[in-house]
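Shared chain: chain A. Partners: chain B in the first complex, chain C in the second.
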Partner chain A sequence: MLALAPTLAILVLAGPILIGLLATALPAFNYFPALGGSQFSLDPWRELVVMPGLWRSALISLAAGLVTAFIALTSVAAFMAGWSQTRLFRSIQHLVSPLLAVPHAATAFGLAFLLAPSGWLMRLVSPELTGFSRPPDWLIVHDTFGLTMMAGLIVKEIPFLFLIALAALPQVRPHDFAATATSLGYGRIAGFLHAVWPQLYPQLRLAVFAVIAYSSSAVDVAIILGPTNPAPLAVRLVGWMNDPDLKMRFVASAGALLQLAVTAAALLLWLSAERLAGLIHGCVRVSGRRFTREKTARAVSAGAISMAAFAVFAGLALLALWSLAGYWAFPDALPRSITAATWMHEMPVLGRPLGITVAIGLSATLIAVAITLACLEFETRTAARVKGRALMILYLPLIVPQASFVFGLQLSFLWVGLGASFGALVLAHLVFVLPYVMLSLAEPWHAADPRYARAARSMGASQNLVFWRIRAPMALAAILVAAAVGFAVSVGQYLPTLLIGAGRWPTVTTEAVALASGGDRRVIGVFAFVQMGLPFLGFVLATLVPAIAFARRRDMRAANA
Partner chain B sequence: MRRLARSVLAAFAVLAAGLASGQAADLSDWASVEKAARGQTVYFNAWGGARNINDYIDWAGDEVEKRYGVKLVHVKLDDTANAVAKVVAEKAAGHDGDGTIDLIWINGENFAAMKRQDLLLAPGWADKLPNWRYVDWKTKPTVLTDFTVPTDGQEAPWGMAKLVFFNDTARDAETGEMPDSFADLVDWTQAFPGRFTYPAPPDFMGSTFLKQALIESVEDPSVLQKAVVETEFDAVTAPLFAALDAMHPNLWRSGRTFPKNKEALRQLLADNEIDIAFAFSPAEASNAIASHELPDTVRSFIFSGGTLSNTHFVAIPYNAAAKEGSLVVANFLISPQAQLHKQDPKVWGDPTVLDTNALPDEYREPFDALDLGVATLKPSELGPALAEPHASWMERLEKEWTRRYGVAN
Partner chain C sequence: MSLELDDISIRLQDRELISLSASIGPGEVLTVMGPSGSGKSTLLAFVAGFLDPAFTASGTVRLDGLEITNMPANLRRTAMLFQDPMLFPHMSVGENLLFAIRAGRAIPGKVEAGFPSGITKQRAGASWADRRKIAEAALDEAGLHGFFDRDPATLSGGQKARAALMRVLLSQPGALLLDEPFSKLDTDRRARVRDFVFEEARQRKLPVLLVTHDAADAQAAGGAVVTLG
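Moving on, here comes the complex of A and B:
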């Protein structure tokens, strides 16, 4: 039965994914009969390559993927190295859940309002200190190189990587190794990087790949913070896909394949950078230097993490203020009047979308966790990673641009006759939820010390008993984190919910995105909170449950990391 | 053999029945349409970014439920393109009779594209609706031609649109006299650099601005009513692009970035980053004041030489599942009562498509008595209506704009 799990996972999901990809790829070569493309040709590519600024768009996307992943990962690593087992570390740790729960778009809106020349920081000091009674004409948000956009992505990816790292940490026994390194005279950071990081990083790798894929193809953050002339590739792709001229969909499909290539290139560059970093690390290690003077490094790492957390929370606080604001002009630091009108108007109609969001999210997450555990357990029992390779296909939805892929997905659902039913919608969410659950859980699972299970087996315990009593409880923290991530992913789905649900299943996110298109910061503020509430609950549960369950088992608690 | 023939015939019969359901109901017998509509659920796919419009659609839903037993569900979209995509996918998958979209809020390019790809209910139905008799197609020609494409009754008018500008009169001391033409505007940006911008085409509002500028800068506007002749494009648009070249260094952020759409433009005005914004709806400024998005000192203005004007519509996809229900809703939306409620500035403020003078007294008088709101110009103050250029101009202009300005340095 268990042997069927990997096959089942692939069967259920590979169908929609492959047809979805095919429906993306064929129009790129001019084949899509419903729109009059009945012959294969390279015309869409010819039109694509002459698009003004195409290569710059691609380059910005590539850079965004790599820079975001690098800075986010470095910040997390340096902070863990320099501050674990300190009070600061524990307090930051408590902030991870709320940070993760804030939707990307809300973070971006908050950051934009914080940093813009007419934004809150400027309002705080104007006109008193600056003399500005009207905002200066400075290009900060939407800057040409996408720096603000990358900052927006980084502050959101830091908590994600931090959470995954926290879940993996107990498996690598950080205290023992760090203590050994310290006793050999190494500084905190050097000791961690030499002794703990090489075991930890492999468990983070898939998450880092997800960060690269997401940042190089993000649409919502890029629209709010990114450059416009030209915009990053993914944004232009959505523009072509949405062009009233339906023929542009062929160009958009070719663009989607180019986006795929850009993301793949970013991943390849990262892989070679890994090699390089490994070499350098090796040289540093054999040099024997102890790096005991690390005050500055520690201060910088704490500063980076705190600033990221501050940016998100300040943005969120400002959105909260906006949700209650009357008219709020520059250079007032606070709105002129306060009103609950926006909340009063939106709240009463949200009951049904809220219920639907929870129902879909829970169903998709439970199925995803079950499939993932079954696959992992099968691998553990048979010591086979072969089928694991085939599972790579499940990660494809992470790196294929959503705008074009969802269209294909929708086609595949229609072809097999799945209407806008609840089941179809759960399946569609599963396509996006499963890869996240799998990548959050797979490495921590594999990293578990197999000797506990072996000991249990030698005492005559059955495989099932070992799973329920040893392996699953040991991975409980990671399982719950994976579930929380999966649930958050489900809650955040807009296009699949809209296109496959056809408006029969409105969720808080379909409502939020539609209303936010009106650009009213009050409405955006209200929905930022509505949208983050559910994932926040999920993350809180994911951290609370293990803490309570393992209250009397010190080494099972991630909280002591 | 005979059995085989019989089953083939039966199959054809089923097929024919299926095809028949794909056709419009018999509009000459309206009572039968209403009867068939009763109990249907109409999924109305419409942009959902404005609270007042969403509320109006809710109100219309309550009314049609009460009057005709039709359930109206507003599927809120962030972009009409998503609804178009849905119909395309359904057509590609052969779902020709059980589509999930019954009614779309649409106009211009999306309509032209859907019509060209046979994605709309045919033959035309709008001019056979009972309430069509109130529609003002004589003095509002855009009710019959959408971006110079004949509607052929495949979409029913819902409201009128006109390009209006607005500014904050509280800043009068800093902004000088408002411009009265595109040429004026170019001069104004020179006097007040960094205080004007427009959404980047191909955004609908950005392209609208380009078209307004084109109409004002060509020597002979009549060439714009015909399709673009490629060999003449450069010569016709030379004055336009010369003016834009001169204007761009004086735009907000020196033209290195542009706002995404009219909502972003309005936010820039609210944040005091720019001094002039514009929209395609005369009630826009009043609505924004009501929702606290703009200060109550904002007022509208137009160019006295005229501004672009057109109509927005609702259309029924060819494969809509609830065709009769959609017809009933479309008919209700152009009823005097629904149009009156819509034009009330406390509700939406969207101008009517009806000929109010031809209405029965009970509707004409309240129409005349409507107080349109502080920042809304009266119909008599809206200035001449300029006709949309042929759709090919818009397409060609957007391309050229992206080529010239889409990659900033």
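Moving on, here comes the complex of A and C:
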């Protein structure tokens, strides 16, 4: 039974992607009998390429992927180089960790509330500095080049890359190497970049690819912050997919393949940039220059990370504030009154999406945790180690853009009669939940001292008894954190929920994003706050349960801290 | 009870780490000495059934005449003590002992080797009260009276070592495998814990395979000594 677990995991991870891609590729060439396409042809492509602004949409997507990854990675690298082992570093570390749990949509709404012409920053300086008594007619949110959208993606991806880098950092013994470089007279940043970064980066690479893939194909953030005329490619795909004219599905499928090509192009460009950066770095490294004047660079790196963290936190606070705001006229920095009216009013509307969100999230998380534990337990019993290629499969759902295969997956589900069922929806979420659960649980699981299990075995305990009484309870905290991560991922899913659920399974996320065009900030505040609160609640439980269960077991607390 | 090691050979790729034949009689101690990296612990892992697949091994291990070379670790009855006491941190001291007591039918009135003296049950009774009594008697014997509900983290090094030994003995082992179990104790505790372990093993007529790099351990054990490396 247990031996089947790795196969099951691979099926869950790769199966829907392959099926989805296939079911995208066929209609892209006009073949999908269920929709009336019975002959291969290039018609969908002919219609696609004449879509107004298509290339601009594709370019924005490409740029969003590369710019987001570059700025987020540079900020993380510079901050680690300039500040690791300082007090500022540790406080930022504590500040940034919880940000990982905040869904993309909530972050994007918060940023919109902060930056918009009628947003909080403008209110703060108006009318005193600006003279504005009504919001200026500027296009900040939804700007033509997608800059605000990229900002929204960057502030969300910085915590992700930062935490992945933090996890990998101890393995490369940063302090020894950095200290060696510094003792040779190199500046802090130069020392880190020369001695530590080349070992650290390979461990971040897959995560960076995931950032590129996500940013070049994000739908929810693009709807909330991105340009509208034309919108990024992925947003336009969703529009075509939901077009009442079924023939548009063929165009959408061709578009989905174009999306795949755009993301692939972004990844290829990144790979060549990696080469170039490696060459330049090689020359600089042997030039002997010490780069000791680094005050400005350090200040900028600290500023960038702090600003990103501030933007998210301020945005989240604004969401909460708007949801409680009474009358709040433009230049006022704060609402005149606080009221629960919006909450009371939305409560009945909120109930069903909230229930569905929790039901999908819990189901997908439970299955993901079970599969993950089965895989890890199998690994432990057979003393095997998953590496290399298997890890690639784990990252597959994070690197293949959602928009390129979820359409096809929807068509396949429809075709086998599972369309818009709860099970199909859970399965679709599982594809994205499972990798995160595995990534976060694998490391603590492997770090466990094998001698506890051996002691138990040598006293006559069977493998199953050892799992249930020793390995699993000792890893309880890590299992719950992984579950909280998985739940947060599920809550944040927009595109799979929208498409696979076909509108029949509204979640707080699909409802919140749907509100974006309406622009009622109070209602958005309520939905986005709930969207952010659910994952947060998950993490609170993941911390509380082991703390209570092991309140009288000191060594368990030390292990969890 | 006796532990026999016949023509044991353990190799890592082409290098032979261990080549050994030995017979350990009831209550006897065989001490295997050698510097770190000489493969002492690998020998114990092989005998207990935890050998990493990177190694290849040949030879047979017999406990009481029964070949256990290829048995699953939990059926071998070769109980291990490690450098650290390895008390399960999520259980109380008493739960740690209960974990070791095999569930099964109670046969009253029969004293069995492998159980703390004074316990007259061959296998632990099915009832909670019986199991608890056995555990508490074992704690008393180790000088840990009233420690049943304690958090193992609150015990001193010597107390932990004794609790770990009682836990292992309650599992009714056929042999004891000791992997430098005294090396982390301070000197004056070390002698006392060591004597306690050897005395308990002698009383129960358990063969003991001890791996150490401390000559004093070998001396205290008093049995045959094999030096590796």
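Basically, the second predicted complex is superposed on the first by the 343 of 561 C-alpha atoms of A that agree within 3 Å, B and C clash if a C-alpha of one lies under 4 Å from a C-alpha of the other, contacts with A are read in each partner's own complex, and residues count from 1 in each chain.
Throughout what follows, contacts are C-beta pairs under 8 Å (C-beta built on N, C-alpha and C of every residue); 3 or more make two chains touch, one makes a residue touch a chain.
Computed from a predicted structure; not experimentally measured.
By the document's definition of touching, of the two partners only chain B reaches A:A516; chain C does not. By the touch criterion stated above, A:I470 is placed in contact with chain C alone, chain B being left untouched.
Of the two partner chains, chain C is the only one that A:F550 touches; chain B does not reach it.
Look at A:I356: by the touch rule set out above, it reaches neither chain B nor chain C.
Counting the residues of chain A touched by each of chain B and chain C gives the higher count for B. Once the two complexes are overlaid on the shared chain, A:R134 sits against chain B while remaining clear of chain C. In the superposition on chain A, contact is made by A:W415 with chain B only, not with chain C. In the superposition on chain A, contact is made by A:A383 with chain C only, not with chain B. Under the contact criterion defined above, no residue of chain A touches both chain B in one complex and chain C in the other. Residues of chain A that touch chain C in their complex: 383, 449, 451-452, 454-463, 469-470, 473-474, 476, 550, 552-556, 559. The touching residues of chain B, counted against chain A in their complex, run 43, 45, 47-51, 54, 73, 75-79, 81-82, 84-86, 88-93, 95, 98, 100-101, 108-110, 112-113, 116-117, 174, 194, 200, 202, 252-254, 256-258, 260-261, 263-264, 266-267, 270-273, 291-296, 395, 402-403, 405-408. Chain A contributes residues 32-36, 51-53, 56, 116-118, 134-135, 137, 139, 142, 144, 223, 227-230, 239, 241-246, 249, 325-327, 329-330, 337, 339, 345, 407, 410-411, 414-415, 419-420, 494-495, 498-499, 502-504, 506, 510-511, 513-523 to its touches with chain B in the complex. Looking at the complex, you find that chain C touches chain A at residues 48-50, 52-53, 72-80, 82, 84, 86, 88-91, 99-100, 102, 151-154, 167-168, 170-173, 177.
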